[in-house]
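A short worksheet on the structure shown next.
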Amino acid sequence: MASSYGYPFEQQHCLSISQFSRPDIETLLALGEYYLDLSVQKSPDNRILTGKTLVNLFFENSTRTQKSFEIAGRRLGADVINMEVANSSVKKGETLLDTAATLNAMNPDMLVVRHGSSGAQALLAQKVSGSVINAGDGMHEHPTQALLDALTIRRHFGKDFGGLRLAICGDITHSRVARSNVQLLNMLGCEVRLVGPPTLIPSDADRWGVEVYHNMEDGLEGCDVVMMLRLQLERMSGAFVPSKREYFHFYGLDRAKLAYAKPGAMVMHPGPMNRGVEIASSIADDPDVSLITHQVESGVAMRMGILHALSEAQDGVA
Amino acid sequence: MASSYGYPFEQQHCLSISQFSRPDIETLLALGEYYLDLSVQKSPDNRILTGKTLVNLFFENSTRTQKSFEIAGRRLGADVINMEVANSSVKKGETLLDTAATLNAMNPDMLVVRHGSSGAQALLAQKVSGSVINAGDGMHEHPTQALLDALTIRRHFGKDFGGLRLAICGDITHSRVARSNVQLLNMLGCEVRLVGPPTLIPSDADRWGVEVYHNMEDGLEGCDVVMMLRLQLERMSGAFVPSKREYFHFYGLDRAKLAYAKPGAMVMHPGPMNRGVEIASSIADDPDVSLITHQVESGVAMRMGILHALSEAQDGVA
Amino acid sequence: MASSYGYPFEQQHCLSISQFSRPDIETLLALGEYYLDLSVQKSPDNRILTGKTLVNLFFENSTRTQKSFEIAGRRLGADVINMEVANSSVKKGETLLDTAATLNAMNPDMLVVRHGSSGAQALLAQKVSGSVINAGDGMHEHPTQALLDALTIRRHFGKDFGGLRLAICGDITHSRVARSNVQLLNMLGCEVRLVGPPTLIPSDADRWGVEVYHNMEDGLEGCDVVMMLRLQLERMSGAFVPSKREYFHFYGLDRAKLAYAKPGAMVMHPGPMNRGVEIASSIADDPDVSLITHQVESGVAMRMGILHALSEAQDGVA
């Protein structure tokens, strides 16, 4: 049992990577690893959230992330309530803050929120008494994805991130996954690179503490991890990208490009994938080079760890 | 623990306020208060419904009410099953009674139902063996809303409703909330007033045991509680109401109109609100005069109390 | 308690009737009956799936079947996760196998799947580590429906299926219910007939081990059970069926046609019914001849039995 873990984790919310100290991150990853071990042993349940209510509040549709949190919450014994807000109550004229006030009055202990506007969860966190967990806000952050990615890397490469070189490739500009990952991987001491066409690299990337590359061969050179991002298909036929085919030719990950990475390099993708656009199926489905399904498995375990830590912080256990 | 409470509560269903005796109501409010206390103590769970199945059957969409019942049921340990029927199975040609027969055969213990037709739940109650709880039927009744409103009032003003003067304001004609509240508040001994434009006051209101006012200043005079109703926006541009702006001018609650009520008067609204239509944001969001989020909190607790009472009646505990 | 039941049930999945041996079927029906008895005693819960995750993955909409599995899973204490996939993630370009890989990585113990393509579940079963339960695949099989129908028949007529004559009537061609039932009822030793217009009888029916009839009077002669199938309304105005009215005239079950069956014959229908199309309301609603609501009740119990058996096979208990 990991009911206490030495370091006093005292965060009320999980809003962004930048809010956490290095020891916070170590605590979270250790808890994620604990639940990943339990899951492998096929006895993943540990009903420490019995009697607590987790509301899964999704203003944007995301089956994968929502189900990952739902399974994580239920395995810990929480009462999990799904709310897809979509347009319905927005149409009825209710604001985000009305929704927050209403939900808060129902006394949820955990509020997992995905919202299309950057900063929405930070605003919510000021208005509610439970813990807010950011499951993606606009183009800003997706901290639980970064944590599960780090857990996946640690599981494969060991606890010492210091010697690792990673390339994050594709549509960086619109990616909250990239923003959260860069922060976390930098904090853990990795060498991080961004690779993508100039139209998809944010103009302030030089201040992110990374190196920027515009071709895959240079960018992947010597990398331990190649993290591909989902290309939003709606950006395909516009100013950003000429065509799927041309995109794949220059930036899609295939064997030829992967050969530039270090021998033993591993491939990641947050899903869902556009096969044949940003990644070749032969790479995605090859268990010798792909960590993609491990990321999903780490996702449930990492979220159990996050819920565990926040719950103990609530109860003053830590 | 409130596993027994003196008075023998023997109701099988919760269909309308008129079905309950005064002692029934007192029992329900006492149970609601019990769960509200538990909730404040942050240990709201009391798994007395473990092994019981609650089906949340909504023929009309209502996130707020459905989630309130879902949380209430789960906190009591019930297996909660959500069914939004919308038009899907109606399109498949299945009738309300087929749905009822199907559900009944799955042996739910509690059936929470919202339906667009007045009396639908009463019909259902004759066909099923579990307890039917009316979560709103057409323009007829919404008894759990009236009970949670009474619980909210009692929490603020104390158990003696006898000396209280209340105004229910706005679209009375189309409001099941108003119908249930008038009955319950009359039974509890309050002085109840209806305030609204003649087009939105039902023609038989003189037989409801209330006083009717057509302007807010007169209607609110000396009131302890001002209960605003949601104006259905689809009635805005028709025979009922000339425009949002004009409606707010005459019937929207703002500081100037509220000044006619008694000092210390409190404002209620069943939600979701149309801000700037029936109520000013400055009133709705002022914790010194607004009980609106307390109503939501009371909603979960009151529904736990109702489920508790019905469950014990089923088991012959009472 | 039925935690062990003599015969070693060792099936990992429930994909089709043809995968089961006669003793497998007997074990499943005995477990179904056990849970049906518990349900009648109003103490249906038996939390043997606590800590296990059941994912209800529906690529086709079916409230009835999905809720039946959800209730079955929850009554056994499982964490039940509903996923309606519809077109959303298909639109996002994710394939069935990506969905399977993603889900599998979340380590569900049970995966209940409905899919529009015949064989989809068999494909899935090769890719996942948990148990796959076929809740209907294209026009292929619906094995849990056949098992619940057999349980319903056994409950009414006793364990000896050998002397029973059954007619399955209506749209056989498009019916996975018919395909699974014919196999199961043949295995149990019943005499099975198919009755329907030539356009709705599959061309290979002569190899199914049944007798085929094109008029109801001949087909129902001497039958113990008349099993009506749902006529898909979209087939109404096409090459298959001239009109609802004409269909009812020739193939709809009414008193006159039922009179050809054996005295004491019982009527079944998998639901949802088209009243006045394939069945008269006066038959459907007559508890003396209709087993339709018993089928729904058997459905929950039978699915509990199936989950129970698969879970014990997983744990190596059997």
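By written order: A, B and C. Residues from 1 in each chain.
Rule of thumb we're sticking to: a contact is a pair of C-beta atoms (placed from the backbone, for glycine too) under 8 Å apart; a residue touches a chain by one contact, two chains touch by 3 or more.
Every value quoted in this text rests on a predicted model; they were computed, and no experiment measured them.
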What's the rotation angle, in degrees and to the nearest 5, for a C-alpha fit of chain A onto chain C? 120
Could the interface between the copies chain A and chain B be described as same, meaning over half of its residue numbers are common to both, or is it different? different
Counting in whole Å, what is the centre-to-centre distance of chain A and chain B, each centre being its mean C-alpha position? 40
Where chain B touches two or more other chains, by residue: none
Residues of chain A that touch chain B when the two form their complex: 50-51, 53, 55, 79, 81, 83, 85, 88-89, 92-95, 98, 101-102, 104-108
Counting only contacts in the complex, chain B reaches chain A at residues 39, 42-45, 61, 63-64, 67-68, 70-71, 74-75, 233, 271-275, 292-297, 299-300
